[in-house]
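Each of the next two complexes has chain A plus one more chain, namely chain B in the first and chain C in the second.
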Partner chain A sequence: MGDNVLLEVKNLRTYFFLDEGVVKAVDGVNFKIEKGKTFGVVGESGCGKSITAQSILRILPPRGEIVEGEIIFYRDDGSVDLVKLDPKGQEIRDIRGKEVAMVFQEPMTALAPVYTIGDQIIEAILLHQNVTKEQARKIAIDLLGRVGIPKPEERVDAYPFELSGGMRQRAMIAMAISSNPSLLIADEPTTALDVTIQAQILDLIKNLQKEMGMATMLITHNMGVIAEMADDVAVMYLGKIVESGPVNEIFYNPKHPYTVALLKSIPKVGKKVKGRLESIEGMVPDPYNLPTGCRFHPRCPSYVEGTCDKAEPPEIEITTGHKVSCFLYGGR
Partner chain B sequence: MAGYVIRRFLSLIPLLFILSIVVFIIIELPPGDFLTVYIEQLKSSGVLISEEEIARLVKQYALDKPLHIRYITWIKNIILHGDFGRSFRWNRPVVELIKERVALSAVISLFSIVFVWIIGVSIGIYSAVKQYSMFDYIFTFIGFIGVSIPGFLLALLIIWFAYTKFDIYISGLFSQQFVDAPWSLAKVLDMLKRIWVPVIIIAVSGIAGNIRTMRANLLDELRKQYVTVARAKGLSETRLLIKYPIRIAVNPMISTIGWTLPAIFSGESLASIILNLPTIGPLLMQALLAQDMYLAGSLILIMGALTLVGTLISDILLAWADPRIRYGNTGGK
Partner chain C sequence: MGSNVLLEVKSLKKYFPIQKGFWRKKVGEVKAVDDISFYIREGETLGLVGESGSGKTTTGRAILRAIEPTEGEILFNINGTLINILQLNKKELKQTRKHMQMIFQDPYSSLNPRMTVKDIIGEPLLVNGVARGKELEDRVAELMKAVGLRPEYMIRYPHAFSGGQRQRIGIARALALNPRLIVCDEPVSALDVSIQAQTLNLLQDLQEKFHLTYLFISHDLGVVEHISDRVAVMYTGKIVEIAETEELFKNPKHPYTEALLAAVPKPDPKYRETRKLLFGEVADPSNPPSGCYFHPRCPYAKDICKQEYPSLINIGENGNEHFVSCHFADKLSLAGIE
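For the complex of A and B:
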């Protein structure tokens, strides 16, 4: 770690202030992303993965607010706390799309229907690079070729609805990498795609990452994807990271009962594939009324009455870089 | 695109044909042909009409011929000579009556349409972008009231208010001395002084409607992923809003632009009747009441044709604005 850190998130809390109450979507999250590495974030739907990512870029939906924490982005010429920037200001806008780019979950709706994909990619290029329109168009065509879109000179003028989901996601990736970002945030980039295309897109991201030396924050609910792609992993549950560490530690030495349950839910060859993480008992609790103590205790097989429901477990470092928040490993 | 425009144009022909048949039936509906009624009317007022004159009219409108010949003569007169027949109530050619009023209808309507679009759409955009703000709450409420109050009620309220509070009687488009005066600068100025009352009355419900539609459309669009994507690119908020969600939210409203065409022609009828405006709307009502069928039929024919043409214009505009429609892909793959 140390000098190689690209992004450091400290005690991030992002809440939604709604009429129905406060949703603590992200509630005290800490992690670091190293240069050139893949940082995987995994967890069930609604645990705050996307909101964490959107907090970094400061593109939260209305009523979402960062109430506490720091997001330090390290560059060669110093660091900047993204939380301190004005979300509509020039400074964060220069970072968006240029130094930190994002690929989204829904390729079907991520591109505006009334402009060609070329138009939307060229727009991103012109925004961050000092080139003419003609040059930007050439760059866009080149990018489309690099992400594996056949006949890029023609497809550059295609409208999103003329492309398949997989092709749209490739176009999105082309747009995201257009200005050589140092961090690519991929928020479930393959969830909406067919299985065969999922693998292709993941391969594409992996290769581009190698070529360009960018770091990736890969968000998914699929442990299999994590195993294939990630260097480091954070497991999220209801707005908190319950366990994090190098990918091998998480897979071969999981500590948190939630991580263990997630790993059990990976579909094995020959076994019938069920829905998302279905083997975990119980429902994700109501976001307005989070459980007291450890948030996982109502579903936890190792629940200790009087402990887990009373206090929040502290974060404990098991081995170097492998951290877990669970009373089973101390802190009682 | 060219193919689409041509296809739509061709589809207009059968529609116009059907419209003309329907209108012709309406004209023929009352018992007795218009000439008999016309002669009766002249007789009762003591004027005698010559045999030659009757014969000329019978020939002109093919009144002695069977139905289909009458239809052909009627439509030929309209298309070739711009002759819509005579209004027996006014005892003048229908065309003259329409010409007299259409300019005023258009002026009032155009004024209100400009208001409706500029004010309605801007407030709608601002409300959506600043959702949950005080501004949004206030205009959502006003919009709600605006669409719920019928134009005629608003017209009555304003007349009553102006009369009781300021002792002004708002009626008609001109002061007494100008009603029958020929057009002059003074008459135009006089009209401009009075025109805002009908314009506001007619515009209120339109503005309210546009606020609601624009706000709802834009709120839908603002939630879409592509807005976040555009933001994540580093676009400034204003550029982003104009280029993406606003541009797309306006599309469905384009399809209503065409319908304003007949409205420009007729003016808002109810409010015009109450305010006693010399526009087309009240003319149609009077014609229907008096069974003045050539006049009524002509007005319906023109408004129907304008609706068809307006829809065509809307469709072409929409296709021009939205590639999904231009490419014949309405559902999305």
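For the complex of A and C:
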């Protein structure tokens, strides 16, 4: 495998130290992203998806701290542990936006309202590429065309508020890919969009990825988006990856009771369930007061008393690349 | 239309003025809801789908007269008598409103943070003089139990509850006056998937128990398919298709419905790459295209589509209703789900 790995996250723990207590937002997470592949991260609100992404880019909000772990970024000429870099230093700034780019759910928060989208893309290009301002403008127009913005030579001078949500997301993607990144982190890139526009954007990301050979870390809470896009999938629950593996394994051979329940509880178009949906009972626990043992045990239908509530289940590889952390599959 | 119709909406319009400048001169109109008609039978759930800005919320609010419609009729059946909601005076409206309630999308902002759960759920009872004191408390406890909340939590404030629990508080409040119709505006959209299923199940149980009728607004087709008996599809202020749920999903007759069904990412990797993409953007209700509003994005559009708005006609067979607004409704063969 080694050769194809672009990013490897080992035992990452990112905590928030607040007056109310410690929030273990990411608590011992391991995964690998392969070159050119789409790595999907799925899980409910608050499970730590965004904080994982922000840990990689070292853009954590105040009071958030990586307390343990490694984030190894592999390049042709060696590797670097992003955890060891100074979050304000030059090295991470060079990586951010150039080798690793990011798009967010709400492009309005990432695009400055007082500058035209052209200005912002040009600035990103000038930051990482050795070109003149005129050349940068040409590149920007070309990029806007590539992401499907009609009349890019006019739209380059538009302000973000003059564009629709879908167009803004395209502009943001244009900015992100301007430096040919080897990894694109997309945090809920289509959640705020209408379904027909969402389909367009997902298709765009897929095509750009093929064209440019870029890997994508795609964060979403939508299982449909994962099924559509991901090669590999990690399912997160309360700061941990409870199951991960190739997309077909996760959808057709899910092992973790949480993954199984999650897949059953989504009303699927075309598969009308008569009567009640199967639901996961109980609530997502309070982050200051995490359950002992397996964090899913209070809601788990297969919970074994004396085992699941006592120790954390170890990660077990069931078949190549398909890993699950649950006592039902060993480790007792 | 049968005798068991609870609500009938006829030619409903809601136009919002677009104002500009110091004198707030009217420079145009947003045709948020533009001449729509439909009915809901007693005890059934009518799903209302469509993209952002298509007019779903405006429709729901206009029915309750939470906003004043521009034109149309809203007929509500109260024990066999049809009442036109739009002709009621304030006092009559207050009486009738007891029968119609709304549940909102955002369980965070729709509850007053300074009121206890007891006050929130009890308010409609108090305001309408239905109950007070100990009786009020008993009724609130009963409502809380009905939606799966512990009555002990009555004196807590909304912030002490999770999203799913807050949505239950909103539902309990809506149930307080024994309504007949509940307009559910994206009631599960802000909830996590695992909580969504619980809430949908609760809404279904309550419907059965209290014989409720729902207008269920959502942009999530999976959710709408699950809960609805019939579904209406909106596009730019217009209803473009209405049919029984299964019929609409298996056998869509409007090109927009086909596109919408195709665009939903299915939680099953085998559907990858099978999607047909719809180009272009959602139409602007303040400046809709000529003819059929969908024509600039429609893969089947012909000349007539640019010129004439297609009226909503019934093309259902064997006495079944299937209303479609497309010039080629009975000619196109469109793909549904499976």
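Just so it is clear, the second predicted complex is superposed on the first by the 320 of 332 C-alpha atoms of A that agree within 3 Å, B and C clash if a C-alpha of one lies under 4 Å from a C-alpha of the other, contacts with A are read in each partner's own complex, and residues count from 1 in each chain.
In this text, contacts are C-beta pairs under 8 Å (C-beta built on N, C-alpha and C of every residue); 3 or more make two chains touch, one makes a residue touch a chain.
The model shown is predicted, which means the values in this text are computed figures rather than measured ones.
K.L.:
Comparing chain B against chain C, which has contacts with more of the residues in chain A?
P.N.:
Higher number of touched chain A residues: C.
K.L.:
First (chain B), second (chain C), both or neither: which does A:Leu263 touch?
P.N.:
After superposing on A, A:Leu263 lies in contact with chain C but is clear of chain B.
K.L.:
Who does A:Asp94 touch here: chain B (first), chain C (second), both, or neither?
P.N.:
first
K.L.:
With both complexes superposed on chain A, which partner does A:Ala227 reach: first (chain B), second (chain C), both or neither?
P.N.:
In the superposed model, A:Ala227 contacts chain C only, not chain B.
K.L.:
Which partner does A:Ala124 reach: the first (chain B), the second (chain C), both, or neither?
P.N.:
First partner only, chain B.
K.L.:
Quick check on the superposed pair: does A:Thr196 touch chain B, chain C, both, or neither? Answer first, second, both or neither.
P.N.:
After superposing on A, A:Thr196 lies in contact with chain C but is clear of chain B.
K.L.:
Check whether A:Ser164 is in contact with chain B, with chain C, with both or with neither, and answer first, second, both or neither.
P.N.:
So A:Ser164 meets both chain B and chain C here.
K.L.:
One more residue to check, A:Ile205. First (chain B), second (chain C), both or neither?
P.N.:
Touch status of A:Ile205: no partner.
K.L.:
Touch test for A:Asn248: chain B only (first), chain C only (second), both, or neither?
P.N.:
In the superposition, A:Asn248 contacts chain C only.
K.L.:
What residues on chain A does chain C touch that chain B touches too?
P.N.:
164
K.L.:
Write out the stretch or stretches of chain B touching chain A in their complex.
P.N.:
Touch list, chain B to chain A: 131-132, 224-226, 228-237, 244, 247-248, 251, 321-324, 327, 329, 332-333.
K.L.:
Using the touch definition up top, name the residues of chain C that touch chain A in the complex.
P.N.:
Touching chain A: residues 51-52, 162-165, 192-198, 200-201, 204, 219-223, 225-227, 245-246, 249, 259-269, 271-272, 275, 277-279, 281-282, 337-338 of chain C.
K.L.:
Over in the complex, which chain A residues touch chain B? Could you list them?
P.N.:
Contact set of chain A toward chain B: 54, 57, 59, 61-63, 88, 93-98, 101-102, 104-106, 108-114, 123-124, 127-128, 159, 161-162, 164, 172, 175.
K.L.:
Along chain A, where are the residues that touch chain C in the complex?
P.N.:
44-45, 164, 166-167, 194-200, 202-203, 221-228, 247-248, 251-252, 261-263, 265-270, 272-273, 275-281, 283-284, 299
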